[in-house]
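The block underneath contains the structure these notes are about, expressed in C-alpha cells.
Think of it as A, B, C and D in the order they're written, each chain with its own count starting at 1.
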Amino acid sequence: MEIYKIYVGGEFMETNFPLDVQNPYNNEVFARTFLSGKNELEIAISRAESVLDELKEIPVYQRYEILLQISESLKMERKRLAGILAQESGKPLKYALGEIDRAAQTFLIAAEESRRIPGEFLSIDWVPSGKGKEGWVKYFPLGLIAGIAPFNFPMNLAVHKIAPAIAAGNAIILKPARSTPLSVLELAKIIDNTSLPKGAISILPMDRKAGNQLVTDERFKMLTFTGSPEVGWKMKKDAGRKKVILELGGNAGVIITESADIDLAVQKCLVGGYAYSGQVCIHVQRIYVQDSVFKEFSGRFNKKVRELKFGDPLDPETDISVMIDTENADRVENWIKESVEDGAKILLGGKKQGAYFEPTVLTNTKKEMKVCSLEIFGPVVAVERFSGFQEAIDLVNGSNYGLQAGVFTNLVSEMNSAFNQLEVGGVIINDVPTFRVDHMPYGGVKESGMGREGVKYAIREMLEHRLLVKNIN
Amino acid sequence: MEIYKIYVGGEFMETNFPLDVQNPYNNEVFARTFLSGKNELEIAISRAESVLDELKEIPVYQRYEILLQISESLKMERKRLAGILAQESGKPLKYALGEIDRAAQTFLIAAEESRRIPGEFLSIDWVPSGKGKEGWVKYFPLGLIAGIAPFNFPMNLAVHKIAPAIAAGNAIILKPARSTPLSVLELAKIIDNTSLPKGAISILPMDRKAGNQLVTDERFKMLTFTGSPEVGWKMKKDAGRKKVILELGGNAGVIITESADIDLAVQKCLVGGYAYSGQVCIHVQRIYVQDSVFKEFSGRFNKKVRELKFGDPLDPETDISVMIDTENADRVENWIKESVEDGAKILLGGKKQGAYFEPTVLTNTKKEMKVCSLEIFGPVVAVERFSGFQEAIDLVNGSNYGLQAGVFTNLVSEMNSAFNQLEVGGVIINDVPTFRVDHMPYGGVKESGMGREGVKYAIREMLEHRLLVKNIN
Amino acid sequence: MEIYKIYVGGEFMETNFPLDVQNPYNNEVFARTFLSGKNELEIAISRAESVLDELKEIPVYQRYEILLQISESLKMERKRLAGILAQESGKPLKYALGEIDRAAQTFLIAAEESRRIPGEFLSIDWVPSGKGKEGWVKYFPLGLIAGIAPFNFPMNLAVHKIAPAIAAGNAIILKPARSTPLSVLELAKIIDNTSLPKGAISILPMDRKAGNQLVTDERFKMLTFTGSPEVGWKMKKDAGRKKVILELGGNAGVIITESADIDLAVQKCLVGGYAYSGQVCIHVQRIYVQDSVFKEFSGRFNKKVRELKFGDPLDPETDISVMIDTENADRVENWIKESVEDGAKILLGGKKQGAYFEPTVLTNTKKEMKVCSLEIFGPVVAVERFSGFQEAIDLVNGSNYGLQAGVFTNLVSEMNSAFNQLEVGGVIINDVPTFRVDHMPYGGVKESGMGREGVKYAIREMLEHRLLVKNIN
Amino acid sequence: MEIYKIYVGGEFMETNFPLDVQNPYNNEVFARTFLSGKNELEIAISRAESVLDELKEIPVYQRYEILLQISESLKMERKRLAGILAQESGKPLKYALGEIDRAAQTFLIAAEESRRIPGEFLSIDWVPSGKGKEGWVKYFPLGLIAGIAPFNFPMNLAVHKIAPAIAAGNAIILKPARSTPLSVLELAKIIDNTSLPKGAISILPMDRKAGNQLVTDERFKMLTFTGSPEVGWKMKKDAGRKKVILELGGNAGVIITESADIDLAVQKCLVGGYAYSGQVCIHVQRIYVQDSVFKEFSGRFNKKVRELKFGDPLDPETDISVMIDTENADRVENWIKESVEDGAKILLGGKKQGAYFEPTVLTNTKKEMKVCSLEIFGPVVAVERFSGFQEAIDLVNGSNYGLQAGVFTNLVSEMNSAFNQLEVGGVIINDVPTFRVDHMPYGGVKESGMGREGVKYAIREMLEHRLLVKNIN
C-alpha cells in the first residue's frame, strides 16, 4: 500500500492521524495518507507568512516558468495521475484523463495570466482640487489564502485555487476532500520540484473540525471554498474579516426549443446528465422540452441513456461507474422514492447496487420535490414539457440556485430572453449547463455562490487594489 | 443678406473672396461668407501651432467645461441653427433639428470622453532583461489636425472632427463644404465664446485647390476627411507623413429574411432610403428580400414611398425636398436611364424637376449598373430577391464598398453569418444600415474608408502612444 | 421647527417615532424627522422589490437624465442645502458647500458611468471542447441594496451609495446617521421629482436595532456600510448570503521627506489634520517628518495651526467648529490624557469646551497609544521624526488600518517604495491622505474595510457577472 | 555551398535569379538563395488569397499550437540558427543567440495573444433612437499583408511581422533584406512543418524594384515596413489604399543627470552604443550628461569603450565585429570627417578597416551635423554636456526623429518632464533607449515612423473593427 506524506509548508510529513484511501468501486484500501493536526497547520501558516514578501517580488518571468513547469509535468504524467484519480474517486478513466488535461491547461492559463496582472490609469483632474495630479492603480497579492476543494474534481478544482494563487503572488494552504487527497498530493510533488519558495503551498487533508481553522483564522486573507451550499454559506458567517469566495452547487436546467438541433441536444444532455454519475456542480438535473419536440427528444434520449456502459473506472470503455460512496447512493434512492410517492414517474433506471446508481430518467416531477429543488449530485435527470418560452425561463428560475443554464434554440429573441432573464452565472446556448472551459468566468448567483473562478477571474479575486495619486509635473 | 465672417485662428475675418450661399429649394442667395486664401490659412496654421503646448496642458475639468458649454449652447439655439442648416442644405426641418440635437450630443460625449483618455499598465519583466522594470502608456495629442467636412451633414459631421480634436488636446482647421458653410460658422461663434485658447479652432471655407494645402502641408499631423471615395483615396496618396482618416461613402445593402418583422423593415427602409433624398453615406441603396416575403414587403414599401410628402425644407411637415443641386439630380437621372436601358425596371418615381428628384424604387437591376455599384447619393432604392441566406450575403458583399449593412432576421445562425461574413464596418440587426448613434464606432472597410469615428474612437485616432519604462524599486 | 417626513418607497411619511435634530454648535433643536419602524421598512422593501424588473430595463438615456437632473438640482440648491448640512453636523459652511458640490459631481459621474456599464468578449475555443463557441459577459444589477451612511459627510457619503445604485439599475434603502438625517432627506425630495420609479429609493432614519434588519434580511443582496470598524466587521458576520462592502476608518499617516516642498506639506497637513475637526475617515492623524527638516516643518505647521479660526459653522470665515457631540469630545480628551500619562507631549491645544475641541498637536507618542493606534476622529495630530525612508514606511504600516497614506517626496525610489510597500488602499504623493476626488477608487485594506467606492468602482460592486456562451456560426 | 530555396506560397522553390550570400567578416560567399521574380510573387499572392477564409476560421487552439510549435523549434535549434545569422550579418554570436531567443519569445507571445483577440461591448441606447439595441465589436483579420524586414535583426524583426500575422488570422508575404535572407528562410522550414495552411506564409527575397509591388499592389491590405526613413516615407506615398505601418530609425538620445547611478549609466550606454556596431534602430547616438557628473561619466565610459573586443562574429568572446558592408563603413567615416571639419572632436576611435569601424566617441558636435541629425547606424556616439534638465529635454527633442529616449534620474519631477515632453514613442527611465522587450509597444513619432509593433500592438494593427448592433430583447 502506497504511503502519501502530506505537504506542510514545503516539507513532506507524516502525522499521527493516518487516513486510508479506498477505491469506491471495489472498496479496497489502496493507499494511506495523513490528516493534518493543529501543529502541522501552524507550521504551514507560519512558513507561508514568512515567504509572503518573497512571493510578492518574484519577477514575472520566474512566476511564469514555475507555472509552466507544473503544467508540463502534469501533461507528462497524465496517465499515471489519471489512474490514481480514477481509483480514489471512482471516476471513469476517460473523464479522469480529461481532468488531468484540464489541470495542465489551468496551470498554463495561469502562467499566461501571471504576465497580464492589470493596472489602470485615471486622470484625477476632473475637478479643480485634482489639478496637476494623475492616478495609477496596481494590484497587489492579498497574502495567505485558504482553499477547500471537493471530491468530485479532486485535481482540477484544487488547481483552480492553487494556480491563480501562485500567479497572483499569494501563498495558499489547500485542504482536499478526505476521500480524494491523492491526486493533489501528487501535484504537491510536482510543485515541490519547482523553484517556488517553500512554504508558498501546503496540501493538508484534515477533518472538517480541524478545517474550521481555515475559515476562522484571521491570518488567512481569503477563503475560497468549492463544495455544498449549506457548508459554504455557514463558512461565510464564520469567516471574520477575510474575503470569501464560494463555488457551490445547483440543480442546473436545460431548455430545448422547437428550433433546436435535437440530435445535438440529446448527445449533449447525455454527457451533461450522467458523466461521473452526475456528481458535477453543473450536472444537467432538469430538462425542459417544448411540447412539439418533446416526444422526439425523449425517445432518442432514453434510447441513448440505456446504452451507457457501467464498469470499473479503470476500464477505458466505462461510461458510468459507482458513486463516491454508498451513503450518497442511498440518499439519491430516498429522494427518488419520495418523488415517486408524490407523483413522479421513473422512465428509466432508479435502482442502486452498493455505491452504483443506475442512470435514471424521471418525469412528472414537481418543483418542490427534492429531486428538482435540491442538488441531486447523482445520475438522475427529470425531463419535463413546456409550451411557451417564457414558461421555460420561469421553470429554470424557479429554484434557489443559479449556476449555469443551457438553452437549445436558433432564435435571436429566445437567446436574448435567456441571457436577460435567466438568473444564473452562465447561459450556454446550444449546449448543456455542464459546459465549462477553464479560462471562462465561472460561478453562481442566488444560493449557488459568490465570486468567480476561471483563472483570470480567480486571480483578480486574489488581488487587492492600490491607487497611486501623483503629481503630473 | 447676412454676412458670415470666417473664423481664422480665433478671429472672425472677411477676405477678398466672397462666397454667396443659396437655398437649393428656391435658388435664393440668402447669405454671404468668404473663402480663405493662402494668407488666412497661414495665419490659422501659425496661431494653431502657437497654442499647441497650452492645449496639451489644459486640465481635464476645463476641457470638459468648454465642451459642455458648446453642447449647451447648441441645445439652446437648436431652432435657429436648424433653420440655417435647412436653408443652406435643403434638408427638411425635422431632419435639420435632429442634426443639431446630434451635434449637441456629440459635444457632450466628447466632454465625457475627455475625462477618460486612457492609459495602460504593463509588466515589463516577462524576460530577465526586463527585471525590475514596469511600463505605463499614456496618450498624447498629435498636434495640428486638418478636417474636411461634406455638405450632407454640414454641422454634425464637422462636429465629429472638432469635438474629438478638442477633447484630445489638439488644434484643428476645418474646411466645410462650399455649399454649406453657415451652420458650422455659427458653431465657430459658440466656440469663440468659450475659454478655449484662440487659435485652437479655425473654420475656413476654401476652394478645393486651396484646400489641397490641408492635405499636403506637413505641419498638419493628421488629415480627417469625410466625403467621396475618389477624392478621399487621392488625398491619402498626397498626404505626406501625416496620418489619414477617410470616412467615405458606400452603396449600403439591407437583407430582409422571412423571419423578419416586415412592418418594422418597411418603416425603417423608408427612412433609410429617402431621408434627405438619400444624400447620406449610409443611405439604403440596395434591399434584398427573401422570396417568400418579397411580395409582402414590396407592396407595403411602395405604398409608403408614395405617401412621402415633398415640400419646402423649412416646412415641418416636409418629408423630402430638393437635392443639393441640379447637377446631382441630373447625375441621378442619367444613372437611372442607363440602368433602364440595361434592363432595370422603375417601380416608382424616376423623374426630376430642377433639383428635386422623386423617391424612386427600382428592380431587376444588375450589380454592375451604376445605380448599384456606385454611391448614388440620391433618393433611389433597388429592391431585389434572394432565396438562401448565403446568396444574400454574397449580394451585399458584391460591392467595392463596405460601410454598414442591415439584416432583418430572428435567427441566431443568420445573425452570426452576417457578422462573420459581411465585409462592412457595421452590421445592424433588425434595422437599416443608416442607423447611427454618435458614440458608436463608425467607419468603412474596403473602399469605404479607413480609420474610425464615433467620439471615443475619433479621439483615439487623434492621440499618439507614449510608453514609459521605469524601474519598479 | 421644520418637519421632515421620511421617504418610504416613494412616499413621504411620518411615523410614530419622532426624531429631533439639533445643531451641535448651540444645541438648539431646529428640525424634526422620524425613525422608521418595522412597518415602514417593510413597505420600503416590498415597493423596492416590486420595481426591480422595471429598474433593470430603464434605457440608458433615461437613467442618465434622471441622474443628471439630480446633479443639476443639487447645484441649484447648493446654498440652502449647505446651510442645512452645516446646522445638523456642525460642519463649517465652506466645507459644507464643498460637500454639496461634491455630491452634485458624484451624481454627474454616475450619469456618465451609467452609459458605460461594461461588457466583455472572450474566445471560448482555447481548447477543442470550446470549438465553434464564443463568450460575451454582461453585468446585471444585484437587486435590492441596503446602505448605511455616517454623520461626517451626511450628504456625499450617502450619495456614494445612492448614485451608483441608480446607475447600476438597483433599488436602495438608505439609513442616514441619526444625528444628520436632514440633508439626505432633502435629496429624497429632489429624487422624488425625477421619473425614477417610486420605490427605487427609500431614505429611512432608524435606530441601530431596527437598522439591524438591513444587515440580516436576505432580501437585500448587498450591504454597503460606511462607518466605524467595530460596527462594520460585526455586520459582515451577520450579513447572511449578501455581499458586504465596508468603508471604515483609519489613522492615516503622512511621510514628509527632506526632498519635499515643506510649504506645500504644511498647507496640506493643516487641512488634512483639522478640517471638520478631524472627523474624516482619511484625517491626517500621524505625521512622520525626516530629521533634517523636522524643525522647519513643525515650526511652520504649529504656527498655522494656531491661526485656525473657531466659530459658528454657518459663518463663512469659520475654519473649525464643534465636534458632532460632547461624548466624542470627551472621548478625545480621555485618549489624549492617557497618552500624556504614557509620555506624550502636547505641543498645542489639548483642551475642550462643550463639544468644541481645540486643534491639537502631539509629539513623543508611541504606536500603542490610542491617539495613534485607534481612529481618533478628532482634531488631533501627532508629529514625529524618522531618519531613513524605510523606517517611515514601517511606522505608517505599524497600524491595524490601511486606508490612505500621503508621502511628500521628489525621489522616484521613495515613490516606488511607498507604492509597493505601504499597506493602504491609496498612496498620495505630495499630498495628504485626506485627498479624495469622487471618481477615484477609494477604500481600505487591513481593518479599514473591504470593497471599493468611487463611482465607477461602486457600480461594479453593485453588478453581477453573467456569461453568455454561444455558437459562432 | 548550401542552397536555400525560397518559400513561395507553401512550396520551396528555386528561381532564375540566384542570390549569393556572403559573410561580411571574411567576404566569403557561404550560401546561395534566389530572388523572387514576378511569377513567384504572383503564385505567392494567389495562394495566400485562396487560404484567407480558411485562416480566418482556424480555431484559437490550433492557431495557438502552431505558434507554440514554431517557438519551441526555434528554441531547440537556437545554436545552429544563431550561427547562420552571425555569418550572414556579421553580428557577434552572443547577440545572435539573443536574437534567436527573442524570436522564440516573440512567437510565444503571439501564441498567447492569439487567445486574447479583443472584443468590446457598448450600450447603444444613449439616445432614444438607440432604445432596445446593444453593440458588440469584434476584430477581423485584414487579409493579405506585405512585410519588409531589414538586415540588422534579420530574424526577430521579420518575426515581429510574421507572428502577429498568424495570430491575427492573416496571410503574409515577407521580403527579407538581400544581404540577410538565410535565417528567415530557416524559419520558413520550421513554419512549413506546422499545420498552418500552405500559402499563409511566403518568404521571398527580391530586389527593391520587384519589391515595389509589395507596396503598390492593392491585393495587399497592409504594408508593414521596417527600414530607413527615406524609403519608408516614400512607400507611404505609393501604397494606394492599403494601411501602412512604418518602423523607421532615429538618432536616439540619452540624458544622464546628477541624481543618476553613473556606473549603471556607463554599463548600459556601452551596450546601447556599440552592440552590433550601432546598427540598431534604437542605438544610443547622443549622450547628454549633466555638467557636475560629465567628467566622471565620460572618464569611465571611454575606459569601457576601449576594452571592447573586436573579432570574428562566430567567436563567443567577440563584442564588436564588422559592419554589414564597406559602403556603410565608408559612409560613417565620411560623416565623421565632415563633423570634425565643422568642429567636432574625436575622443576615441574614428577609423575603419574594410567593413570594420572602430568604436568611436565624439564630442563638441553640433545638432546640424550628420553624426547628430541623421541616423548614423554605426558604432559612433556623441557625448555632450548640459546644465538644466529642460535644456537636456530640448537637446533630445532637437531632432526630426523620435523613437525612444533614455533618462537616468532619481527625481520624480524629471521623470515626469521626460514623459510629458520628450517627443518619442518610448521613454526609458534609468536605462538606454536601446531597451526593448518584445511584448512592449514599440514605434516612433515624428519621422521615426507610424503605427506600433510589439506583439499585441502589431496584432491590433492587423485587425479591423466590425460593429454588431442588435436588438436587446
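The rule is short, and it goes like this: a residue touches a chain if its C-beta (ideal position, glycine included) is under 8 Å from a C-beta of that chain, and two chains touch if they have at least 3 such contacts.
None of these values were measured; they are calculated from a predicted model.
Relative to the C-alpha centre of subunit B, the farthest chain centre belongs to A. Comparing chain pairs A-B and A-C, the larger number of C-beta contacts belongs to A-C. With centres taken as mean Cα positions, subunit B sits 50 Å from subunit A. Averaged Cα coordinates give subunit B a centre that lies 45 Å from the centre of subunit C.
Per-chain CA centroids place subunit A at a distance of 37 Å from subunit C. In subunit A, 115, 122, 126-127, 130, 137-138, 412-413, 415, 429, 439, 470-471 are the positions where the chain touches two or more neighbouring chains simultaneously.
Across the complex, subunit B meets subunit A through its residues 59-61, 64, 115-123, 125-128, 130-132, 136-138, 409-413, 415, 429.
Across the interface of their complex, subunit B is touched by residues 105, 109, 122, 124, 126-127, 129-130, 133, 135, 137-138, 233, 236-238, 240-241, 243, 415, 419, 424-431, 435, 437-443, 445, 447, 450, 452, 464-471 of subunit D.
Residues of subunit C touching subunit B in their complex: 112, 115, 412-413, 416-417, 420, 439, 470-473.
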